[in-house]
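In what follows, a structure is listed as structure tokens, so that the remarks can point back to it.
Order as written gives the chain letters A, B and C; numbering starts at 1 within each chain.
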């Protein structure tokens, strides 16, 4: 049985429109103007039990709305959804016993108390036996390396330490499904790595399904086997991460600065010149690693002048999605 | 000077931009005035003569209106400043090319004036309907002068309490207690003239009487000699509190500079 | 039911621990509140010194009514502190956190915060009752019952008003107004109001259930008073639960406030 089954899910919001100012306020009282937002449009997908699924898309794509529907906080305009066999908006409380949630922007640990107190609280919330809860806390402290942090007031922990405690807390009641929303936001590279590894370990170990929504491609790569890309309320891409990497995350963006000025029509074969800086000391170009070898581009760039500075980056996720969306339509 | 006027203006406009908020606050004064009227109508009727300590019911209610207008209209400066001290945003304000205290003064005025005007107009409308027309025009300018002085005294006290955040974690209890002192010793809920004589003497020796009682009393019973007496007392307290404020402010700045906030 | 109660007790203990992390602040707030209430009450002592009876309502009645109101207010803050900012929680979407947990939402939200000064108000209520001189064992028992029922009505009223946020957005000032009105009405002698006003004080802003009615009950037991208080408590509680859940349904349809897509 799939952990999540979504069929033709649609969610439309009707919001009241109001411009600023007194005149507009009065007008809106008498004749309110509504605008309709189709947050989710005929969405269908499945997630297997124990699967590690990424659910990504730009802001406004419909991610949060879908997650809220799956957790039963919102009910859909039409369509069906089943999570762990429950209809979320009809059986929210029953479902709540079996899912865990971590929202990067909304902490659940009590700020002024040591993390252990929130853990104990969660034990009571999910009605675990005291002994069982204690054992569980022990196990999670090992897995997330937070044993020494438990007695420290949460406000004194670093963001990375806090997030580890947050994720650990969300797993206290052995949920079958874990929903992570931007878990690594604001974390430094080391902390991100740390928390991704811990999540992955636990997920595999305890066969917990993980549904991850994130802007961070690194989260995606580290934690997910499969990814769903959503934009404008619809699925625009659905495949394994390995495939995504192979077929789409293959372009590179290169920015170089030379000691001398370059010609206005600067071009390296096999690459696309994005921009030549106004003073003509810098160039930005893009190329596909599938078509043009990195070695080739580097050699040509060095030959073109005295390199002073170079930056190589992957295209931002929004760009990838945009390109995916274009190829899809 | 121009920048302070600009600060005054922007706070003024900010307040006017939320008419719903202003009106909701004004409703508060309607409720208070109505309750006061119910209470004092009974108290006055049980006195038999219709006068208590020389005041008529009508005068008493207009007294309360002025006192409440000031109380509900004054800016909640203590909380504002203490928050700015505690979260460090005061450093941001101190970096600007204006004096922090004068900034707060003009900002507070911008917030206060429309609010007090609204409170007085709406409240006055109700009071007129319930108790009768307002006192004669001759008293208004005198009352206005004392009201300004009272507002400034409130400003000094509140700013001092706010600055206490430099030395004390919790400032809110001081704010509450200060407010209650102005209620009791300022004659906000009961005109000082109704107090037992010994308590009246104590009140008149303290600043609170000049923050509530003075403008309200002159408003309903304008008397030149009384006015001058109240004004001189008020001015004296203003000099004292103003001086204390400047001292505390300088101290606080030094502390900030040493500790780095 | 027992499960929920045990969970509530645990939440309350956690709130207390969190407050104790800042012991000094907690004490300052509590003691400050006691002093604050005491000074405020002095106004009434001055009043009743001058006017011993307001259509039958005396200083003794005041001590007890004030005591009930203060303790009820304090108890609400201690046990269900989020009743004071439920509107904000709804408007800022922070209800989602509680909705994703397997506990009854309203109870969980309300009990997740403790107002530190609540202890002060709660204790002051008892001080006020003892000061009335009406102390007796069964009187104390009735005082406790009175507090319980008054607290219920007060929280129910708060929840109802705050739940309007589901439809109106924040309206924070409006809530403050309603709460202020409630408390003010509860602290004035009910005898000053005419019949029409009394209806409002029983059915709309149930201040009568927070001050006058329990105060009468403390002084003398009658089945009808007990019945009236219980009716008021259950009535308003039912209304609150109804309104909140109606609002929650609206929230779940997504048409409530800001939409985060």
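Definition applied: a residue touches a chain if its C-beta (ideal position, glycine included) is under 8 Å from a C-beta of that chain, and two chains touch if they have at least 3 such contacts.
These figures come from a predicted structure and were not determined experimentally.
Using CA-based centroids throughout, the chain positioned farthest away from chain B is A.
Of all chains present, the one whose mean CA position sits nearest the global mean of protein CA atoms is C. Centre-to-centre separation of chain A and chain C, using mean CA positions: 43 Å.
As a whole-number value, the distance joining the C-alpha centres of chain A and chain B reads 52 Å. Note: centroid distance chain B to chain C, computed from Cα atoms, is 28 Å. Multi-chain contact residues, meaning those touching two or more other chains, occur in chain C at positions 22.
Residue positions of chain B touching 2 or more other chains: 20. Annotation for chain A: no residues touch 2 or more other chains.
Chain C contributes residues 3, 6-7, 10-11, 14, 17-18, 21-22, 94, 96-97, 99-103, 252-255, 259-261 to its touches with chain A in the complex. Residues of chain A that touch chain C in their complex: 11, 13-15, 37, 39, 60-62, 64-65, 68, 71-75, 89, 92-94, 96-97, 99, 101, 103, 106, 108, 110, 112-113, 117, 121, 124-127, 153.
Listed in rising order, the residues of chain B touching chain C in the complex are 20-21, 24-25, 27-28, 31-32, 35, 38-39, 41-43, 46, 169-170, 172-174, 176-177, 180-181, 183-184, 189-190, 194-196, 199.
Of all residues in chain C, those touching chain B in their complex are 22, 24-25, 28-29, 31-33, 35-36, 39-40, 42-43, 46-47, 49-51, 53-55, 117, 173-174, 177, 180-181, 184-185, 188-189, 191-194, 197.
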